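Order of writing sets the chain letters: A, B, C and D. Residues in each chain are counted from 1.
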Amino acid sequence: MLEILLRFLLVLAIAQIPLLLVPLLVWAERRVSAWIQHRSGPNRVGPFGLLQPVADAVKLLFKEDIVPERAARGLYVLAPMVSLFAVLVVWAVIPIGDRIVLAGHELPLQIADVSIGILFFLALAPLEVVALSMAGWGSGSKYPLLGALRAGAQMLSYEVVLALAVLAVVVAAGSLRGAGIVENQAGWLWGFLPNWNLLRQPLTALLFVIAMVAEANRLPFDLPEAEPELVGGYHTEYSSMKFALFFMAEYASMVALCGLFTTLFLGGWTLPWTAVGGAAPALLPALLGVAVFLAKVLALLFGFIWLRWTLPRLRFLDLLRLSWRQLIPLALVNLVAVALLSMVL
Amino acid sequence: MSGYLALSLALFSIGALGVVLRRNLLVMLISIEVMLNAAILALVVFSRMYGSVDGRVMGILAIAVAAGEVAVGLALVIAFVRLRGRPDATAMDLLKW
Amino acid sequence: MLAPTFLTGPAPLELALAPLVLVITACVVLAAALFRRGSEEERLVTLLVALGGCAMAFLALLQLLDRPGEAFAGEIQADNFGVYTGLLATVATGLVLLGVLGHTRRYGAGWGEALSLMLLSLAGILLVCMAGGLLALFLGIEILSVAAYGLTALTRRRGRSVEGALRYLILGAMASAFLLMGIAFAYGATGTTSIAALAPAQKLAHLDLTALELLALGFLLVGLGFKIGAVPFHTWVPDAYEGAPTPITGFMASAVKVAAFAAILRLVYTPLGTAHLAGLQNVLGVLAALTMVLGNLVALVQTNFKRMLAYSSIAHTGYMLLGVISPAGGPGAVLFYLAAYVPAVIGAFMVLVIIGRDTEDLEELGDLRGLAREHPALGLAMVVFMLSFIGVPVTGGFTAKLAVFSAAVDNGYVLLAVLGIVMSVVSVAYYLNVVRLMYIPAAQRSWYRGPARIGERAILATAVVVLLVLGLVPGEVLEGALDAARPLELLALK
Amino acid sequence: MIVLEGSIPAALTSLLSVVAGLGAIAGALVVVTAPRAFRAVMGLLITVVCLSIEYVLLAAPVIAFIQILVYAGAVVVLFLFVVMLLDLDGSRAESSSRGPVRWEWAIGGTAAFFMIGVCGIYYLAKLPAPAAPAVSEATPDGVQAIGVTLLRDYLVSFEAVAVFLLAAAVAAIYVAHAHGRGEKADPAEPDPAPEAGAAGAAAGKEAP
């Protein structure tokens, strides 16, 4: 009984991570953008403006909740919920740490350690597109529809790249479990470098990063919501908490994708040259492992923000061309090469 | 087990009805997908019944086939709409008898 | 990694060589079309490459004649039945390709796509012919169908083409769902996916799985009924035949039909099918009667030549179904019937292709008016094809009908055989109408100018010669067909 | 969530399977009755998701997630894409499609399919209980078993699927491509309606 209770609490705690990171990210985005553009950014609410996201949330809560007259009501209301659901559910298969011992029970630091975890992630992530399509269609107006169309084409194109990149890692590791892939990255490369997939398969990592940015709808690939062209894309007609849900889903999906990248390429919770993550599942090392994992994710998130304020947006056709003409062939070649190499080595 | 098979047959019947009754080409294609899904469900059920992997493997390949058929079907619908203006089987009037 | 062959027969790869060659050729043709799209010479070269692929597949299949073997966990089964039907389909495809040899200008758009789809389709057909597993059979049918949808819509700016393809696709995909459902239930009833071992379950012998078997056969029958174009499921045939460009129609009426009949013969003559043979015979007998009657009667009133041939092909499906339900000698007769039907139907469609070479498609019956006076050789060839369709002695059609009807009589289907003969007499009206039209004088029409191209001559001459040979000295081919189908018959007569 | 057997009471799983089955049927009914294609696609999505829940309950998680991957990730998105694409000119092109339903078909079809369904249910009521799977798919070995079977016993089929997808891709890209060289619309046929031209132009711009 105690074990079930502990496990339940642990799962609850892990599930909060992306949600807790969202306000931090919102704040960081505004501060970093300000820093890049030599502005001050939000600095009135709380120290360094840290409470700004709270203020934002309060403001959104009290806004009027509008449903446009031409909207298909069911779809319109459901869309933001499906969107956030799709993002949060994939977080379940990402291991944020090794095992932990609580009150004599050994528990995995992961919501669900399923044998086909990576497949789970790839299967459920595209639900996000369905949600965007529901929003675009359900709003019953033009810009959301265009945004949703773009989202559909973009995600279909980049989902392939993402899956092919993931597949290359899976082939090399021989496991579909997140934890299995992390364990596969233990040890050393040439004796002194960490045996991370980032170093073993740099091309795969690059492909994954590009596809990841496209999947998260972030600049330079944020065509579905491109403000100058489409006002706001699929969420143009949304207000109040429904808009907030979309907003949270977008940031939470960044967190989930960064978590996946950390698992696949950065050795998950392990810290090279130290004992963190390798040893017995005592309480402190396990927590340290979680901290390492989170640190890696935060670093990646910083990269995301940096990218957004540095690079200009692509044209839509260029975006699709990039995927179909360059990235997919490259990813296929990469996959075959990795498969052959891992057969030889 | 028989419950699952009944579900499969029911889905198949509903899908077939959709193909026969509806005039919207897209809905007809979707109904065909429902029929194929029913068949895949039957494969998985029998695979479980015999405790063998065969049915599931066949199901996986059948999913790929279903997806490919949809792609061609949608391409044809797009070409059709380009020519006739709406995705409607009642607009198919060039071929008679 | 392949399992070592435990047979003294051909090596595993050798069995799969023909489809493999075709797929590779298709990829080459496609790549060529992607990177160099343009001149007529280039189109000619890709056509020759495709023809070469067909020839190599033909040789690869020929190697397997009288050397039965199975490989890849039984998924490929190269018995004589499979090789025979495969050879027939390959020859048919080769003839169609030969027929468009002089038409690189006429069929410009989608040339590479058309060639590669035809080759892929043929690969699917070969897979159907040589399938040893249910799944391989299904996938072969899917490959050939999906390629056929694309080929039907080849003239994608033409409403009739797209419309025909769409109707074909919706009914075809529905048929695929029926087939898959049938395969699922067959697997459920027997616990195996191998066609040869498809016997009522021993594994769960204490349980009555008859319901599953019947459901399986029912679903399979509906699915295959669609694919062969038997009567309540025939509606796609005229649409697809009329909508497709004429050479493609020739391909569909010949090679695709061979595959459909190979599939239905394979599935009827399994332990599962023969266990319920009486029921199958009843259902298929009714279908055969309906198909013969409706095909012939509707063909009478057609004004479009392609549509008329489509209904006539439905009628021929009916005759062949008579062979399918006659275990003693029937399957062999069907094989022979296919061998006699294929050259005639390709020839007839090719005449249309040839006369329309320099202009638009000519496909109305009226377009043939006076043709034989202007082009005697073409007219004569067409006469032979029509006579063979009717089943007049001296042509292959006669021997084929004789074989099928006598098999039906042998198996006690006297009434159906009589119906078949009556319907053949009815068919005289519309086939001879074509001949009549060709020989009445008419104003100048927009047929082709200049001498016949070599490919055209070759294909028509081949078709005529084959038909005459099959009509005059059918002995060896008929024996071969009967021998090839004997294993199937034995299963039913046991 | 995958290791259902044992860890969750049997009553709960059978309840879940009934609920998911009803959901699948409800989704299919939405497909057939939806006035607009978009809703029909949503119905398909419901059916697909419910069916994959059933697959998990049938101890086949791999096919469950492949089902979601292919259907939710590709098929449904493709359908939505086309539905929205055809709607771009603002005419809600598909809403005109509640054309005449052929009633003789309706009655005949309903009767026939109900008979199949009822007979099936009646006969199938005495099917055997499931055999225990040789290898549970919840373990890595189970996943491996699928892979091994796929590439050993079904190698030809696996390759055939590749050929099928190639043929499908060639056909689909060719047919949907708007601007072919040296092609004219068939002069013998009536000109397409003006809004079709607009939709065609839009499709030409957007289709990848």
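Here, a residue touches a chain if its C-beta (ideal position, glycine included) is under 8 Å from a C-beta of that chain, and two chains touch if they have at least 3 such contacts.
Note that the structure is a prediction, hence the values are computed from the model and not measured.
Visitor: What is the distance in Å between the mean C-alpha positions of chain A and chain D?
Guide: 27
Visitor: Express in whole angstrom the distance between the two chain centres, defined as the mean CA positions of chain B and chain C.
Guide: Comparing mean C-alpha positions, chain C is 25 Å from chain B.
Visitor: Counting in whole Å, what is the centre-to-centre distance of chain A and chain B, each centre being its mean C-alpha position?
Guide: 33
Visitor: On a C-alpha centroid basis, what's the spacing between chain B and chain D, in Å?
Guide: 6
Visitor: Pull out every residue in chain B that's touching 2 or more other chains.
Guide: If we look for residues of chain B contacting two or more partner chains, we find 5, 15-16, 29, 40, 45, 49-50, 52, 54, 58, 61, 65, 68-69, 72, 76-77, 79, 83-84, 94.
Visitor: Using the touch definition from the top, which residues of chain D touch two or more other chains?
Guide: 62, 66, 74, 78, 83, 85, 116, 120, 124, 126-128, 153-154, 157, 161, 164, 167-168, 171-172, 175, 185, 189
Visitor: Which chain C residues touch at least two other chains?
Guide: 135, 139, 142, 146, 149-150, 153, 156-157, 159-160, 162, 165
Visitor: Would you identify the shape of the chain contact graph, picking one of line, ring, star, complete or other?
Guide: Its topology fits none of the listed shapes; call it other.
Visitor: Considering every pair of chains, which are in touch?
Guide: A-D, B-C, B-D, C-D
Visitor: For the complex, give me every residue of chain C touching chain D.
Guide: Touching chain D: residues 3, 16, 19, 23, 26-27, 30, 37, 72-73, 75-76, 108-110, 113, 116-117, 120-121, 123-124, 127, 133, 135-136, 139-140, 142-143, 146-147, 149-151, 153-160, 162, 165, 204, 207-208, 210-212, 215, 218, 360 of chain C.
Visitor: Can you tell me which positions in chain D touch chain C when the two form their complex?
Guide: 116, 119-120, 123-124, 126-128, 152-157, 160-161, 163-164, 166-168, 170-172, 174-175, 177, 180-186, 188-189
Visitor: Using the touch rule from the top, collect the residues of chain D that touch chain B in their complex.
Guide: Chain D reaches chain B through residues 17-18, 21, 24-25, 28-29, 31-32, 34, 37, 40-41, 43-44, 47-48, 51, 54-55, 58-60, 62-63, 66-67, 70-71, 74-75, 78-79, 82-83, 85-86, 93-94, 96-102, 105-106, 109-110, 113-114, 116-117, 120-121, 124-134, 145-146, 149-150, 153-154, 157-158, 161, 164-165, 167-169, 171-173, 175-176, 178, 185, 189, 192-193, 195-196, 199-200, 203, 207.
Visitor: Taking the touch rule as given, give the residues of chain B at its contact with chain C in the complex, in rising order.
Guide: 5, 12, 15-16, 19, 25, 28-29, 32, 35-36, 38-40, 42-43, 45-46, 49-50, 52, 54-55, 58, 61-62, 65, 68-69, 72-73, 76-77, 79-80, 83-84, 92, 94-95, 97
Visitor: Across the complex, what residues on chain C touch chain B?
Guide: 134-135, 138-139, 142, 146, 149-150, 153, 156-157, 159-160, 162-167, 169-170, 173-174, 176-178, 180-181, 183-185, 187-188, 191, 193, 203, 238-239, 242-243, 298, 301-302, 307
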